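Both complexes shown next keep chain A, but they swap its partner, so chain B is in the first and chain C is in the second.
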Partner chain A sequence: MLYRRAGLRHTRYEDERQLWPLPFDRGLVVLVLVVLVAAPLLVNRLYLVSYLLPWVIWSTAALGLNLLMGGAGQIHLGYGAVMAMGAYGSVHLVRAGVPFEFAMVGGGLISACVGIVFGGAALRVQGLYLAMATLAMQYVVDFVISHVPMISGGTQATIQVPTVRFLGIPVAGDLPTYYVALIICAIVTVFILNVGRTSLGRALAAVREKDYAAEIIGVNTFKFKLLAFWISSFIGGVAGSVLAVCYLRAISPDQFHIELSIQLVAMVIVGGLGSVLGSFFGAALILFAPIVLNNLIGGIADGLGLSISTDLRSHVPLMLYGALIIGFLLWEPLGLAKIYNNVRNYFFVWPFRHAQR
Partner chain B sequence: MKLNRRRFLAATAATLTMPATIDFASAEEKVIRFAMPQDFTRVYTFVTAEYSQGQRDYITLVNERGGINGYRIIADVSDHGNDLPRAIEAYEKAKREGAVLIDPLSTPVARALVPRALEDKINMVTAFSGRSDAADGTAFPYVLPLSPNYWTQAGLLVDYFRQQDKDLKGKKIVFVHIDTPFGREPLPILQVLSQKLGFEFQAFPYTPPGNDQSAIWPQVRRARPDWVMFWGAGVGQTVAMSEAVRNGLPMDRVCSSVWLSESDMDVIGREQVKGVLKVEPCVSGKDPKPVQAIINEVVSKGKGAGPENKVGTSYYNYGVMMGAIMIEGVKKAFERNPGGPITGLWLNEGLRSITNFTAEGMIPPMTVTKEDHQGGGGGRIARWDGTKFVPATDWFAANQDVVWAEIRKSSEEFRKSGK
Partner chain C sequence: MDSSLIIELAINGALKGLMYALVALGIVLIYKTSGLANLAQGAIAMTGAYVTWAIAYGVGAPIWLAIPLALVLMFGVGMLIERLALRRMIGQPVIMAIMLTLGIEIMLRGLLPGMFGSAVKRLDIGIPQAPLFVGDFLINRATLIGGSVSLLVILLSLVFFNSRYGVVMRAVSDDQTASWSVGIRVERAIAIAWGLAAVTAASAGILWGANQGVDWSLSLLLIKALAIAILGGLDSIVGVLIAGLIVGVVESVATGLIDPLVGGGTRDIAASVIILLTLLVKPHGLFGREHIERV
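For the complex of A and B:
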């Protein structure tokens, strides 16, 4: 019905190499893009500034982390610190008079340079040990930021982000901030999608599956492990810079603590390791489930005139949220992207479910 | 019914899309909306619960008495869990619903919301939290601490030491603090005061969140301090006190900021910490008139917002105090512009013209002006006697010259930034 196919058969290599080989998928991507671009006209301002904008930014960050965790199989528990370096780096550059376009890249480079140093641990250790090494990075960066007043900004430890210009347009108000975040997110998405079909992506996949096996088949694991950290940290830094300029507008050290790192890891895992779409789904679930559940419980309590205590009212959403995460990990360990895939596979040859794929 | 994957997914999808399909909004005439997204679950927990209970009970009291000029006050309480996306969502939602005041009771959230509040002209109350330099109303017209900030609290304590010891020359004051921007905040004030008054000053930072401070306190003991100030929040406070007791420091020379309550004392043992001092911004206990009125007109009728045994505790009374100040702002706003319209600017004018307000004797006389958002910086020192906090001094304000020099320095930096 939707895909109008009896199986997936290509007659030319070019067809198979496309990002989205099926017309239906291409149509869907265009539709989503149109909806996102036209969102300011379609949705209420509240949903634009407090749902779509953070979603786009967190998805960008999750994509960067997913390249490292899902793509190259290297765990990272300090991604919040990576974003912090990007945010602080670019904001200080902007305050020093560097145009935002360059400051953003500069923030990314700062993150990449520091990220690769801690990523170096990945050359020697794996799994839980690498988790500890990156966790150490989180705390070292936190400590440095909050203990150097030059970086954190004096006794109040808060830096206001100046109004910057992106390609000549002042990034202030609802629309420019949203569109800047959307553009960066689109660029990162297209990049990550393409990584999968290049030699880089295949090398990272080889490293992910087994690093010494990759070495044996001629993949330079030294290079690709560091490269994975470099790219992922660069994206993290850029995402941090977008987060600071477009969303937070005043940055302080506590915004980039371990909670942010854990949140991002959760997004990647719940969304689906190695999946681009999963990063978007994961970001949406982790960011908005607490808000939506909170509003829901609050709304039910108000609507029905129940007098439940504030303690209960604020903890029930958290319990539901926890149950939700456990539920997803239990029933769909491969993440939200897999759920989408299941649905897609079902409709792929529907109604001829026994047709060959 | 067995819970399988499909049912789980269906239930989740239904739950998450429900708020979008049901419109809970209720249209009501003649209301003034206060938004109170606060942290009930992450960091401040019981502090928020008690503070919010007092605040809501006071607002219920006002509404029960017929509101202000026929307007009902709606206090929209929700949980932001100290998480910025959630807090910003709550803020934007409040803005859409027409809230004229927001009280996030969280330092990180308040700091992050400053640019938005200033731009949207929504009054953000940052009692005992947020930026200390927001006391400078000329730089932060819509950010209102309306309470003695941490610099003032440190100034009050040092002045109390001076009153007790007559002269602080050669004395040693030790400052044990959580190693975060919040904990380091009083350092500049203490340094200036040590120069000015000639006392020796030593700072001992402990790592956040402060559930292990056993390495610090023996050093504090060895320093042989005349006075010990400990500065933290949540678990750090109780750990600090129990370590002070364990190291045999004289408890009547140990003191802290406004963040000390009966609940903290229960954790350590009420008798153990007899003598501990704290800064009190308002009268504690059930005696103040507003609290009496709440007990008679709200709690006894079963309309209280929380457990009855919390009524009259320190943080509950902070909530009552802040509720009373906000309502006084509304009254003043009606005096100035009886016709409204009810906007952030309208309430701002009211809040910034509060004069000599004492909340029926509950707080030191408070005057908020367009320059001074702190309200004078008055407070008193109270001593824990094993069952309750007993005032050790009368209301006083101290060292405001030093505090304001720091406020101006910091607000000047703020003015220069963000451009």
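For the complex of A and C:
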């Protein structure tokens, strides 16, 4: 009904293989794109800067992590550290006079190269150890960043990000920062969408399902795990540099602690492992649910005349992240993307439910 | 740097290491029975300390009653976690179960400070604060008692693994399907392992809570416990004991020697560095068995 599939006859292989074979999906994508591009005209500036901009940046990071966790099945609990390396690397490059476009790539390369050292150490053993190695990496990178004055500028220091130019336009003010973040996010999204259709994506899927089996059918497991690590760390580094330049404007080590890593892991699990759409859904839910819930609790407390301690309210995000991870893993392991898919499949044939495949 | 200071650091570090090992013991117990690493162990230790505090100061029970009560309660909590969450994950990839324990860790870390307030709580379990002098060396009395209790519990768990139920658990750890077929209740063995793990974590939490006060930072014991579990080999209790001593000594001595050079913070990453080095040099730890995976 809503997603009309009737009368669609794909007569060429290219038609079947395109990213969105259904015209309705293509329309939806264009609509979302138009809304995102026109967002500064549609929504209040406050909403643009405090909701839409972080959502776009965190979605970019979640996409990178999702490639590793959902695509290659490797757990990573230190993605915040990866982003920190990208942020610090690119900011230092920018301060040294490198153009932002190159500094961003440079930050990504730094993350990728350091990340691969830690990953390579852990990939020799099972995924269980990888969780711990990446957790250890988070703490080690935190320590190095905050204790080397050359990187952090001192233990408690924050580093101001100078105004940079992206493709000749100065990245300052609400609009340019938003559009830069959106452009990077779009590039990463298109890349991740296409990874699934290449030999790389299929090799990663084989590794994810069972690495020994993949090895037997001739996939070089170690190489592809390492490659997934590299790409994902690169994207993490780029996302970190966008985060630093477009959103934070002044970086300090405590912005990239384990909390950020937990947030990102929660986004990927809640959104849906291995799903591009899920990364966006997950980022939205994890970023905004605590705010909404906090306001809700505050509203209810005010309405009923109860007093709720600030301690409780300040811990709402952590509780919610934990509860969301547990809930989704138990009841919907494929996350919000799967829920969306179920609804979509339902409407494909509505009202003829018996025709569902 | 004179040698007597290093020896003093090493002795106190070894005792602290034993207290860390108590948390790691739970990780090993769970890994041995169900083959997954419990990332919620730190938060469970924190929960144990909070529960003890709540019983002792909230309800007003004397401390000698509050501690056993809290331990019994935590045994129930551990079994409940297994029954409600982990059992549903049987048959799913191990990664999923690990992420579930991570979710539990995060939730507990928010829930308990949220409920009881995030200010540091004093938990007095009746250990005098005055330091103890053994020869020339100054030893913290709280760590001495904590270390002794930990050593006792670890030795007890060694004895337990030779008892009747311990043999059952060893069978389960060896091959779940085979033990099922000879009439062992695998689910119950795993549930009891979770209960025991929660008890050991809670007792570690109480000891540390008496040492440094009860707040969310007790959940940071996780990373030290992981370092010990990995260094000792994830499925060896003797490994926990020895790795605990090593990690404690290394951490304490490194803190004493390196902190003045870099300006603090070495304590927090000593465990991380040990994890990384172990994975690089000997991934299965000092006493761990190498697993052979079949397709």
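Everything below uses one rule, namely that the second predicted complex is superposed on the first by the 311 of 357 C-alpha atoms of A that agree within 3 Å, B and C clash if a C-alpha of one lies under 4 Å from a C-alpha of the other, contacts with A are read in each partner's own complex, and residues count from 1 in each chain.
The working rule: contacts are C-beta pairs under 8 Å (C-beta built on N, C-alpha and C of every residue); 3 or more make two chains touch, one makes a residue touch a chain.
Please read these numbers as outputs of a predicted model, since none were measured by experiment.
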Determine, under the contact definition given at the top, whether A:254 touches first (chain B), second (chain C), both, or neither.
first
Going by the contact rule set out at the top, does A:269 touch chain B (first), chain C (second), both, or neither?
second
Answer with first, second, both or neither: which of chain B and chain C does A:289 touch in the superposed model?
first
Between chain B (first) and chain C (second), which does A:140 come into contact with in this model arrangement: first, second, both, or neither?
second
Tell me the contact category for A:325 with respect to chain B and chain C: first, second, both or neither.
second
Looking at the overlay, does A:187 come into contact with chain B only (first), chain C only (second), both, or neither?
neither
Once the structures are superposed on A, label A:309 by its partner contacts, choosing first (chain B), second (chain C), both or neither.
both
Identify the partner contact of A:19: answer first if only chain B is touched, second if only chain C is, both if each is, neither if none is.
neither
With the two structures laid over each other on chain A, which partner does A:128 touch: chain B (first), chain C (second), both, or neither?
second
Check: chain A residues flagged as touching chain B and also chain C 146, 155, 309, 311, 314-315, 317-318, 320, 324
Which residues, counting only chain B, touch chain A once they are in their complex?
4-5, 8-9, 12, 15-16, 18-19, 22, 24, 26, 40-41, 49, 52-53, 77-79, 81, 83-86, 88-89, 91-93, 96, 108, 111-112, 114-116, 131-133, 180-181, 184-185, 187-188, 305-306, 406, 410, 413-414, 417-419
Chain C to chain A touching residues, read off their complex:
36-37, 39, 85, 88-89, 92-96, 98-100, 102-111, 113-115, 117-119, 223, 226-227, 230, 234, 262-263, 265, 268-269, 271-273, 275-276, 279-280, 283-284, 291, 293-295
In the complex with chain B, residue positions of chain A that touch it:
44-46, 49-51, 54, 58, 95, 146, 152-163, 247-250, 252-255, 259, 287-296, 298-299, 302-303, 309-311, 313-315, 317-318, 320, 324, 327, 331-332, 339
Chain A residues within the chain C interface of the complex:
73, 75, 77, 118, 121-122, 124-129, 131-133, 135-140, 142-143, 146-147, 155, 210, 212-213, 216, 262, 265-266, 269, 309, 311-312, 314-326, 329-330, 333
